[in-house]
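There are structures below to look over.
In what follows, chain A forms one complex with chain B and a second complex with chain C.
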Partner chain A sequence: MAEIDGTIEEMLLPYPEMVKKNRKKHLIVKDEAAACCPQIEANTRTIPGIISQRGCAYAGCKGVVVGPIKDMITITHGPVGCGYYTWGTRRNKARADDTTPPEKIYSTLCFTTDMQEPDIVFGGEKKLAKMIDEVVAAFHPRAINICATCPVGLIGDDISAVGKAAQERHGISVIAYNCEGYKGVSQSAGHHIANNKIMENVIGTGSERKPGTYVINILGEYNIGGDGWELERILKEIGYTVNCVLPGDSSYLDIKTLHLADLNLVQCHRSINYIAEMMETKYGIPWLKVNFIGVESTIESLRRMARCFDDDPLEEQTEIVIARETARIFPVMEQYRKICQGKTAFLFGGGSRAHHYRHLLADLGIEVSVAGYEFAHRDDYEGREVIPTIKTDADSKNIPELHVTADPILYRDAHTRLNMSREKFEELSSRVQLGYYEGLYPHLKDGHIMVDDYNNHETEEMIRALKPDIVFTGIKDKYITHKQGVPAKQLHAYDYSGPYAGFNGAIIFARDVANALSTPAWKMVTPPWDNYDNAQGSEDNA
Partner chain B sequence: MHKEVKTMLECVPEGSVVHTTGKINPAKTCQPIGAMYAALGIHGCLPHSHGSQGCCAYHRMHLSRHFRDPVLASSSCFTEGASVFGGAANLKTSIKNVFAIYNPEIMAVHTTCLSETIGDDLPNIIKTAEIPEGKVVIHVNTPSYQGSHITGFSGMVKAMVSYLAQAEGAEKKNQLNVIPGFVNPGDMREIRRIVGLLGVKMIMFPDTSDVLDSPLTSKYEMYPKGGATIAEIRDSANSSATLALGAWASNDATDLLQEKFGVTGIPLKLPIGLKATDDFIMAVKDWFGIDVPASLATERGQVVDTLIDTHFHYQGKKVAIFGDPDHVIALTEFVITMGMIPKYILTGTPGKQFDIEIQKLLSGAGIEGSKVKAEGDLLELQQWIRAEPVDLILGTTYGKYIARAEDIPLVRVGFPILDRAVHPLMPVVGYRGCLRLIEQISNALLDRRDRDCLDEDYELVL
Partner chain C sequence: MAKLSQINTVKQVNENQCQSCMPLGGVVAFKGIENTMVLVHGSQGCSTYMRLMNVEHYNEPVDIASSALNEKQTIHGGEANLKKALDNVSRVYAPKVIGVLTTCLAETMGEDMDRILRDYRKERVTSGIDIIQVPTPSYGGSHTEGFWAATKAIIAYYARPTEEHKQINIIIPHISPADIREIKRIFDLFGLTYTLLPDYSMTLDRPYGGRYQKIPPGGTQTQDIARMSGARATIQFGLTCPDNLSPGLLLNQEYGVPLYNLPLPIGLQNMDRLVETLEKLSGRSLPDVIRQERGWLLDGMADSHKFNADGRPIVYGEPELVYAFSSICVENGAAPVVIASGTRNSLLMGLLGTLLADVDEHPVVLEETDFAAIDDAGVLTGANIAIGHSGGKFLTERRGIPLVRVGFPIHDRTGGQRVLSAGYTGTLAFLDRFTNALLETKYESYRELRKEEMGIKEGV
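Here is the complex of A and B:
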């Protein structure tokens, strides 16, 4: 412990006093002797000038939550860059299905109003309205999203009014998101804005429930590298009907019927917990935090969700699929485990992955000594019980809260949805922890470090001091890590591989990690003449 | 035999559509990323984005994806408060923190649409900021609602001149400035090699070689050894001439050097292709009166030899070219040299001169019926191609959707290339670059011939 504290002190040394004071609050060392998680500062402003990895509200709204909806045309209202950088860069895979033919999929296109100086000076509303008209005439989309960028809010373009007018003109839904980049302190603000608008405008407007006994949604699954498809494969084999995966490979039509499921699974808590919570209030649908990253975590998640339906055949089928899948993948995992066993890793994600992937790494015998998030809130670190104690500040106040109430027609008590008595539901609820997330901290071991809003300087220094065998992080850190002589894997884009979720994903991840650790070039870093000269030198000295 | 693949972009309507507003599949991005890239070509520089965090994150990500190397830059981290009250405090805090923590020699600040819309007065903010002794802060205004990444690059290079260049006297030194344009570090390295062979002392800025193509040694340096030093850029005012490689990216700084310090500006194309490389070498020869060494004559001769040996692989083929204006102009000239027909020529960057330059090349070659457009987008390009197909597309990674949908081979050249590696290290400029382009174009067409032909037409020797 003292050693780790020393490492942190040293790392903070170059910081000016104000920065040091601030950053200390974002760094927690796990102390197993302590009764509970010490409070971490999270979801607060990044200090100007610090090379943080954070993005903006627009990135969280358009880039993360609404961009992947495959049959909606998302128009970025702003100068060209914002739309351009979110064009095909997050690997949310999409394909045609029963309700969405290929000609209704717009995922590989980029729509931007490309605002020019006169639009900034005189306003861009007319341009936006005209672009909507042209897009509707040319593409006939089912619905349209409008995402605002920084200047839009500053010049006062009323995108909601433009959207509303267009909606009336064209008879399709046009949803406006005021996700200007300066809102909030990170992508997180954009997640919240997107959650609110989808809740307000889309969920609950459809009426056709998909057939099945166990109808579920997976919320906060982005289908990066096909993760969502692997989960659907497993869940279908067990006998679930996956009503909708939000938003990975989802369609506007699917999202309309989100309220017709019996259970919401929450994969990425940070980005989608708002919808899960609001759906519980409005429709009575319970939610279960799951983790489908890692073999053991997937098994545990499958068992917990089966318990929710209190149905023996379902639990039996769950065990059959688990037994079959593990028999198939364990021998394959084993060969990679031999390479990975005993290694240490750093794990940096957005707001969920630093927790999720530590279990998959544990499956491979890799221990995570430093874990960090870009934009998590205190509940993602400390557990949801801290939510009532989180203080709102000037930045969080700027994100509107959507207050929903029970729907007079569509609300049904959770226990009736799960087909059990109220008493039984309450017993179940505490047993599988419905509507709860414990956060990252309980999963850390003594002396492990938890970092909020992790930044370049600290990552670099911790790599130097703690010498991990591999670092899992984003593209901005990846090559810096390589230059330090340490392998790095992209945790957001999977180095263009995947899926990493579920059983098949575990094998692919294991292979990729083993390859990253063992690629022969790591042994070739030092030129032969360097060793030669050193050897000669030491002989001379002797 | 042409295979119908059609597994991509099914949503794009058949036939022409009314598309007059905004961009669908843009062929440009915003100014700040160009400014950030240019700034990385100064030694010991930390680029700084004066806006919200998202801009800086996007630019770093995109540059990292193209170069597969570290791209560091800081941000003013605007929140709603700064957006209302102005970003002066954020920039001053940034400057203080950046020098304390990251200790660069120089900080190169560019603005964003956010800080521009607010109207932050950068010169005044910088003037009143705490800048440590011996350190430098420069800035450029790069509102994202004007120009493109190319004009942002140009603006930052111009800022290097306006802030740093200083004449020592009226007399000029026997040295040459080269402004290489928005090209890869491999291209800049090649330009340096060629000028070295010509025996002329050169100051090149920006210079991202040894910055964004740095070796892996396990000894990480935040500021790699490459980049033009402040002293070199300062000394550019004393050079006798500046070669501006590519008008869009390099003319502004070159013109300023001429206006302010009387350094003769020589406007050239990017030295991509045989003729543009000839022009580049002749410009150096004419100005300094040097002899061109035999080694360069050999390299040139190899290009001519290869062109003659392989012309039947590509001559007469129709090609669509899109990307940044300086690249597209030079590539158009080169494919004409190769005997190909540039059918569609498009850039996303605005500028009337684009059409004029391309038309000059087309009419010089007697080519008619080509479509040329500046400030265009890739939906438009796809619609042209659907109406009348081409044999090859030359452009960035973003062309890959059209290539698949319309089943046309794509040769990747320019910025950005996000789905292939090694390209930032391999020059397309100079005679060596000609060979690379010929090889890529020839291979793409031959791979397609091999893929599509009947068994009885599948041949060993081509």
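Here is the complex of A and C:
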């Protein structure tokens, strides 16, 4: 323990005093002897000049939440850069289905008003309105998103008014998001803004429930590399109707009917818990935190889901699918496990992966010694019980809270949604914690480090000190890791691999990790002639 | 020059843009200065996005600091954040130079950068760090203009009246590190000493080995930049660079350094022009090795001309590269059918007139354009190959048009930093890639086509 503390001290050494003090609060070393999780500072301002991995509110809103909705056209209102940077960079996949033909899929396209200096001086509202008209004429989309960038907020373009007028003109929904990059402290602000607008404008406007006995939504699943499709495959085989995967491969039509499901599953708690919670308040739909990354955690999530419906055939079918899938994948996993067993890793993610993937890594025998998030809040580290104690600061106050109440017509109690008596539901709640997330901290082992808003300098120093065998992170720090002789695996875009979720995903992930660990290149770093001196010496002596 | 009315209708929508934003180019230029860090004054996202874009292309760590502005600073100003950011970058990175680039946020806020940095320098007299400021709002231009603006600002910062000396200045546009190294090799072969700006050939393409350093070694040295004002001549590969952004013109007008504004040495005739200039400046005739390389290129051109003549290329991207690759196409009998750039304010249009004077079929020329328009033009003109950055991958996905990747960014293939197209050698390397892309389509389909023509179903 003292050794780890020393490592952290040394790592913080180059910082000015104020920065050192600040960063210390974002670093927690797990102490199993301590009774509860120490408080971590999270969701506070990024320190200027420290190379953080965070993005902005626009990235969280357009890039993450609304961009993947496949049949909506998302317009970036701003100069050219912002739209360009979010064009296809997340690898959220979409495909045509019964209701969305290929020509109605726009998520691979990039639309921007490409504002020029005169637009900044004289305002860009007219340009935006004209652009919406053009887009409608050319594509006839079902609905349109408008995402604001930094200068839009400053020059005071009223994108809501432009959207409203366009909505009346064209008779389709036009939703405006004031997700200017400077709002909040990270992408997280953008998630919240997007959640609010989708809740306000889309959810609850559809009326046709998909057929099925167990209709569920998967919230906070982004379908990177096809993750969502693998989950749909499993869930359908068990007998669930997947109403909507939000937002990965989702359509505007599906999101409209989100409220007609029986249960919400929450995969990424950070980015989507707002919708889950608001839907519970407004419609009575309970939500369950799940984790479909890793074999054991997928199994556990499937069992907990099945329990929610208290239905024997469903539980039986769940076990049948689990048995069949594990019998199929375990022998394959075992091959890769032999390579991975006993290795150590760093695991960095946006707001949920540093938790989810540790289970998959555990399946492979890899231990995670450092875990970090870019933009998580305290509840993602410490569990939802700390939410009432989180102080709202000026930055979080700038993100409007949407207050919803029970819908007079559409609200139904959770137990009726799950088709059980109130008593039964209460009994279920004692066995399966609904509406709860325990956070990352309980999953850490003694002496492991948890870091908030991790940055390049700290990553570099920790790699040097703790020498992990592999680092899981994004592309921005990937090459810092490589340059230090440690393989890095991209956990945001999966290095164009995937899916990594569910059972099939676990095999693909295991294969990729085993490949990274056994790449011959790392063994050739030292050229043969660097060893000549020693070898020569011993030959001479002989 | 033909401009098809169907394509050039004025549109507000930019669908699938062809260019990125101004500070992005500025970052690359600063990465070519020794011991330099870059700080982007704006919200956190800007620097993060630019890191992403550069890292994907260069496959190297590309650290860019941010002043991380929040809503509060948009009201009260970002001065305190900027100063804190400068302090922290100075401490953790210990750079000699910090390049400060503004974003649309900072510019729209109306940040008085000169005043803030003047105060900062006064407050931190002892730091000894050179802080160079460049206004680069995204709405002011594309990454091409950002690159030129930063390069010019760097020269303006250091250049002082100095004694005349024998060295040559080389000023490059945004090209690959491999191209920079090739250009340096050519100058070395002529026995010329030079200062190349901005030289990111080692900072954005580092050989593996040694302890990882936050600021990679390499880059143009600042004392050399200071002496550029006394050089014998400036060779600037910037035919398309507008005068107000031209670093070479600054050295010419302020310090009387003769300016040779040349096309990039990509393409046989373009490289010939450089060779002529270098013969004149060095007083030496063409080194044997370069003469041989010209021979190999010509040999390759002769060998593959029968395939190249089938090429109907779309050339798009940054103006300087568009001009260079259009030249290669023309001299190989594969005249471009579409020439396009997302950038505005460049001198490209005027230059194309001369380049295309003898071409039978005039291409569609698009400026300030997007890929929706490029795609339309490609279909109208029956294009069968494209040359440019990864943004054009949609031409392959939608239309089956093969894409020869050059320029920036190349994010869906590896080795963007190693794409070599300069010099006779690089030109030949490019030409082979171009011809082989055509041949790949040909071999995939020509038997089917013959069979169709002859009404035969069976056979191979």
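Operating definition for what follows: the second predicted complex is superposed on the first by the 532 of 542 C-alpha atoms of A that agree within 3 Å, B and C clash if a C-alpha of one lies under 4 Å from a C-alpha of the other, contacts with A are read in each partner's own complex, and residues count from 1 in each chain.
Definition applied: a contact is a pair of C-beta atoms (placed from the backbone, for glycine too) under 8 Å apart; a residue touches a chain by one contact, two chains touch by 3 or more.
The shown structure was predicted, so the numbers you read here are calculated from the model rather than taken from an experiment.
Undergrad: Looking at the combined model built on chain A, do chain B and chain C fit side by side or clash?
TA: After superposition on chain A, chain B vs chain C: clash.
Undergrad: Contacts for A:2 in the overlay, against chain B (first) and chain C (second): which applies, first, second, both or neither?
TA: neither
Undergrad: Which holds for A:327: it touches chain B only (first), chain C only (second), both, or neither?
TA: So A:327 meets neither chain B nor chain C here.
Undergrad: Touching A:409 in the superposition: chain B (first), chain C (second), both, neither?
TA: Neither: A:409 stays clear of chain B and chain C.
Undergrad: Answer with first, second, both or neither: which of chain B and chain C does A:105 touch in the superposed model?
TA: Only chain B is touched by A:105; chain C is not.
Undergrad: Which holds for A:117: it touches chain B only (first), chain C only (second), both, or neither?
TA: It touches chain B and chain C both.
Undergrad: So chain A touches chain B in one structure and chain C in the other; where do those two contact lists coincide?
TA: 14-16, 19, 45-59, 78-85, 87, 89, 109-117, 119-120, 127, 130-131, 134-135, 138, 149-151, 153-155, 181-186, 394-395, 398, 456-457, 460, 475-476, 478-480, 483-484, 525
Undergrad: Give the list of chain A residues in touch with chain C in this complex.
TA: These residues of chain A touch chain C: 14-16, 19, 45-59, 78-85, 87, 89, 109-117, 119-120, 127, 130-131, 134-135, 138, 149-151, 153-155, 181-186, 394-395, 398, 456-457, 460, 475-480, 483-484, 525.
Undergrad: Show me the residue ranges of chain B that touch chain A in the complex, using the header's touch definition.
TA: Residue positions touching the partner: 8-13, 17-26, 28-30, 32-33, 48, 51-55, 57-62, 64-65, 68-83, 90-91, 93-98, 100-102, 112-114, 117-118, 143-146, 148, 214, 216-222, 348, 379, 398, 401.
Undergrad: Which part of chain A faces chain B closely enough to touch in the complex?
TA: 14-16, 19, 45-59, 75, 78-85, 87, 89, 101-106, 108-117, 119-120, 127, 130-131, 134-135, 137-139, 149-151, 153-155, 180-186, 394-395, 398, 456-457, 460, 474-476, 478-480, 482-485, 525-526
Undergrad: Report the residues of chain C in contact with chain A in the complex, numbered from low to high.
TA: My answer: residues 11-17, 19-24, 39, 42-46, 48-53, 55-56, 59-61, 63-74, 81-82, 84-89, 91-92, 103-105, 108-109, 137-140, 142, 206, 208-209, 212, 214, 342.
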